[in-house]
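Each structure below is given as structure tokens.
Here subunit A shows up in two complexes: once beside subunit B, once beside subunit C.
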Partner chain A sequence: MSELVFGSKMMQLLIALILVSTFMILGSTRLYSCVRAFGIQSFLLAGVAGIVAYSTGKSDIYIVAILTLVIKAAVIPYIFIYIIREIKVKREIALYVNISPSLIIGGVLVVISYYLVRSINIRTELSSFALSASISLVSIGLFIMISRKKAIMQMLGILLMENGLFLGAISLTYGMPLLVELGIFFDVLIGVLIMGILIFRINRTFESIDTDMLKTLIG
Partner chain B sequence: MLTQFAIVIFQVIIILALAPLLSGIIKKVKAFLQMRKGPGIFQPYYDIAKLLRKDSVVSENVSWIFHAAPIISFVAVLTAGLIIPVYISNMPFSFAGDLIAVVYLFALARFFIALASLDAGSSFGGMGGSREMFISSLVEPAMMLSIFAIALNVGTTNLSVISGAVSSMGLDAISPYHLLAFVALFIIAIAETGRIPVDNPATHLELTMIHEAMILEYSGKQLAIVELGAMMKQLLVFSLLANIFFPWGIASELSAAGIALSLIVFIIKIVVIGVVIAMVETSTAKWRLFRLPNLLSISLMLSFLALISFIIVKGG
Partner chain C sequence: MIEYLLLAPVLTGILCFFTKTRKQVEVVSVTGSIVTLLLGMALVVDVYRHDIIVTWQNALFADAFSAFIVLIVSIVGFVASLYSTGYMGHEFEHNIIDMKRLKMYYVLFHSFMFTMLLVGVTNNLGLWIAIEMTTLVSALLMILYSRKSSVEAAWKYMIICTVGITFALFGTILTYYASVKILGETGEALNWTSLLAVADQFDPTIMKLAFIFILIGYGTKAGLAPMHTWLPDAHSEAPTPVSALLSGVLLNCAMYGIIRFYTIATKSFGTEFGSNLLIVFGLLSIGIAVPFILLQEDYKRLLAYSSVEHMGIVALGIGFGGVFGIFGAILHMFNHAMTKSFMFFGAGNVLLKHETKEIDKVSGVVKSMPVTGTMLIIGGLAITGSPPFSIFISEFTILAAGFSQGHIVASVLFLLFIIMIFAGFFYHISRMTFGTPAAGVKSGDVSRWMLGAMAILIVFVIVFGVYIPPFFNEMIMKVVNVVR
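== the complex of A and B ==
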């Protein structure tokens, strides 16, 4: 019993840190620091999966945790850094909404997701915290996609949403079947590769990865 | 009654005695990290002793505010030091004020220094004063909110009670809101003590300076008082961090052994915080002034998140 209490405590702390890393992505103006914050977030997510695996004793969740660690915390940030380096993009992110208002909107989104979760009437405090964190991650990811101009940030936003869904899935239902999980990881990895290639193409055609430029006609 | 007096006097002595040492240690660690030798850790004591022996050079145009400001701000910070638990969790003066009083005592100190910076009419002083006020308007709400998250958990804003209660909770006290509020207050501590992403304490002639620009007109004894006040404030902000968020080991009752142990633990804690601050200072560059609202709104948002997650976890 005490191990379970300890596990849920650790999980609460990790989820709080995941929220902190989300706000790090929201609050930074550099592409590299956004990618670094995403890497930290995925690392923490792997920690959550590890704790779930340890407390339920299911070995397939360990595999999920390791896959998260390898793919999301190492490979995907590496791909990001590769893209940023190769297309020699300006390192500052361009914004539609400034940093301080974005942070406030992020806070509002967290409140909204908390109210959403409260109306569902969930049993334990851990799962309500995890679910509201998961919903706020999804909505903040969506917000990042619509408020940042660079195509790389849109890619990061969708990965943030994916992280949010993963957090909700792993902490509420203790993970989906391994086959489904593997499929999702494969999808994410291929998605990142395709989006990376797309960004290269956008960069070559428009000489910028600013999505504002996509509106202009190219004859 | 007499023991209460003894506690208060001992606390004042500790704050006055340790404040320069903390500055010295941070400077030494920074020097070590930058591969320099650096001055010894007792250098701030020598500096203050030397300044106290010197006469002040005062502009002809200043009013009484210029002379009063160092003393008022020094006393305001020291008064805050009577409310913040340092080595014992039930301070005799805790009835006199809570965390809101502490925030506003710091604000009072800052206000008078800013006023004095305008008084001499130098352009640097005015710049420093306006910047300091700009930053403090962002720091104050975040500082209050972050401690409120912990205050909500304990059910009081009295710092002594908070410290004692969190200490008796042991490791159970560690929770999401605790962590979020700690990160928020840590950012605030950097801003409040004028450390590098916000202000550079090592510079004396730079257009970006804030605190140094404000006290540029001071010299001699007055400068010593201002400097000692700033060091005391740094120590107090660190002990706020240490004794609100991880007060384990603080003495709650009066016994020689308990107080000795709690004092040693306290020194270790503030030295650790000082080393972390020195590392942050070495590894980051100073931020442009207009980027600072971003940093401080991250802190404000984190303390806000701390409050929310308190409500979520405790099921409001």
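== the complex of A and C ==
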């Protein structure tokens, strides 16, 4: 069943587009385009969940798809844009690793994830394509967190990782039980709000949201 | 029963929100924490009689291990709320925080209690959600003071722990995948009660992978090296009563997650793989704490690194395994919770009086604050594992387990590390306590609330070193049976 769902052309296209949106985040120096790419990615994820829901006929997954659409594709990008606007941050993002090496590293991470999933060799019932995309998302999310200076990009990196895990969960087991899934949405939403508060606080105390400033506590 | 226990801190938090004066908020908070403590005790007694309680369509449950965590949370929570009355009251009197912040503090304090209790009684791998909630609430507690350093610490804490916990989520997903194959796609497929029965049929490769992710994920939250980097910052920058909760209780909650998964995972792939991992991470944590404790300049960070060490010891005990190893580890969780909160309270008293966190600038605490000074010396001896205090018993049990299970190298290293830590730690404590106080420090102890809180804890520190009451012994044996 799972192979059927994930083998379909539509699904492969969606997952490929999700990867493309990840590279849009990697390849952009403008905060707004990063946020927009994240919104698109979440929209595509909702599409993946929608297809799984349609082909399995489970109402639980429909709820998850709708929540993804509302929370991740609309509310969270809105919060991002609100933060960017309120703290009048410079729209360019400062980088530790430049764009072109970033893109190359991203590509390498995707290849590694692909071979990693093949080497684990989880049985055929699982779509290895979706799982490798999910692990790529997680590792690229981590990479974005360490290679970008703005605190806001670290927040985006975490959300990217979370999106990757969402894709992983839905490809492995059609998502978690509804109760757990709802809890995760709750945590992600509250987490984004609290990170937003922290970013405001960082901006107020350090007059910048470059994480370069946060280097006083050592030893 | 469990519902009421969870309801108590929530209600207290809400009530705190609607209070007007300092007096009101303190009365509500202390009463609330007494109620929570009593309900926690009642739950422990209930579990003692019935072994397992399940309610709310299997969503909540309590067995001996949950009850044990609930016990730790509610005892330390209770004394921390007593201590808060004195400590935050002092901050309020000196206009460091205003009424709005004070109220916010108590609301968050009780929400924090709620999330930690929830970790203990969730009958579900969705434990993840509760652990993430503890991070969210405590990050807000850390930025109560808008100092640069607290904001920095809170941000690091939030980012590192969220990433860590994301890994744990991946481990959880893998476990669910393994369990769905046996149990089918029901909500039940993530419940401890149903998982344990079929864990031996899980695919070992997947469970190995899952356990690695869980260990890294929750290990980040439990402060195991090398993922501990956020811990000294967060624990030293939080308000002192919160530091005590973070070090004494929250680390145990994360450890609880690891041990629960360890129990399930070992049923699938045997003990060797998991226990070796735990021993390596445990030893690494103890070892990494050594240089940082020896060369430490800030006494709150000193205590934080000592927490890294003690979580390492718990992991080591579980890794050594056998009845003795696990018994020692569980007992150590309790002893560390009591002793470390005790020490943080002592450090808080010093901080209020001397207004510096630097060890070099503090001296003569015994002269300026006779009671606190004496307690610091006792606590310093206790936390480093000298007899006749409680931590000595649990460390000794773990060491004995190590030798008897044939982990000679690990045990010898463990012994060496704790001897070095003893020397370093006690050197710092004696520098602070003896000598003459700096000029300008008025003598006289802090408020009775704070000393009272410490007096309650010192009973556990001293009594459990010489005598473990039979019912408590039996309770820990029940936990050991759950874990094995």
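To be clear about the criterion, the second predicted complex is superposed on the first by the 203 of 219 C-alpha atoms of A that agree within 3 Å, B and C clash if a C-alpha of one lies under 4 Å from a C-alpha of the other, contacts with A are read in each partner's own complex, and residues count from 1 in each chain.
FYI, a residue touches a chain if its C-beta (ideal position, glycine included) is under 8 Å from a C-beta of that chain, and two chains touch if they have at least 3 such contacts.
All values derive from a computational prediction rather than experimental measurement.
A.B. asks: Check subunit A with both subunit B and subunit C modelled on it and let me know: fit or clash.
C.D. replies: fit
A.B. asks: Does the superposition put A:Ile146 against subunit B (first), subunit C (second), both, or neither?
C.D. replies: After superposition on chain A, A:Ile146 lies in contact with neither partner.
A.B. asks: Tell me which partner touches more residues of subunit A in the superposed arrangement, subunit B or subunit C.
C.D. replies: Result: the larger residue contact count on subunit A belongs to C.
A.B. asks: Given the touch rule stated above, what does A:Leu103 touch, subunit B (first), subunit C (second), both, or neither?
C.D. replies: In the superposition, A:Leu103 touches subunit B alone.
A.B. asks: Roughly how many degrees, to the nearest 10, is the angle at subunit A when you join its Cα centre to the Cα centres of subunit B and subunit C?
C.D. replies: That angle rounds to 160 degrees.
A.B. asks: Just checking: does A:Met195 make contact with subunit B only, subunit C only, both, or neither of them? Give me first, second, both or neither.
C.D. replies: In the superposed model, A:Met195 contacts subunit C only, not subunit B.
A.B. asks: Using the touch definition from the top, say if A:Tyr114 reaches subunit B (first), subunit C (second), both or neither.
C.D. replies: Touch status of A:Tyr114: first partner only.
A.B. asks: In the superposed arrangement, which partner chain does A:Val180 touch: subunit B (first), subunit C (second), both, or neither?
C.D. replies: second
A.B. asks: Where does A:Leu17 make contact in the superposed view: on subunit B (first), on subunit C (second), on both, or on neither?
C.D. replies: first
A.B. asks: After superposing the two complexes on chain A, what is the shortest C-alpha distance between subunit B and subunit C, in Å?
C.D. replies: Comparing every C-alpha of subunit B with every C-alpha of subunit C, the smallest gap is 21 Å.
A.B. asks: What residues on subunit B touch subunit A, complex-wise?
C.D. replies: Where subunit B meets subunit A, its residues are 174-177, 179-180, 183, 291, 293-295, 297-298, 300-302, 304-305, 308-309, 311-315.
A.B. asks: Going by the contact rule at the top, pick out the subunit A residues touching subunit C in the complex.
C.D. replies: Touch list, subunit A to subunit C: 120, 122, 138, 142, 145, 151, 154, 158, 161-162, 165, 168-169, 172-174, 176-180, 183-184, 186-187, 190-191, 194-195, 197-198, 201-202, 204-206, 211, 213-214, 216-217, 219.
A.B. asks: For subunit A, which residues are in contact with subunit B within the complex?
C.D. replies: 9, 12-13, 15-17, 19-20, 23-24, 27, 29, 99-100, 103-104, 106-107, 110-111, 114, 117, 125, 128-129, 132
A.B. asks: Which residues of subunit C touch subunit A once you look at their complex with the stated criterion?
C.D. replies: So the residues of subunit C touching subunit A come out as 59, 124-126, 128-129, 132-133, 136, 139-140, 143, 146-149, 151-156, 158-159, 162-163, 166, 169-170, 172-174, 176-177, 180, 185-187, 189-190, 205-206, 209, 232-233, 237, 292, 295-297, 301.
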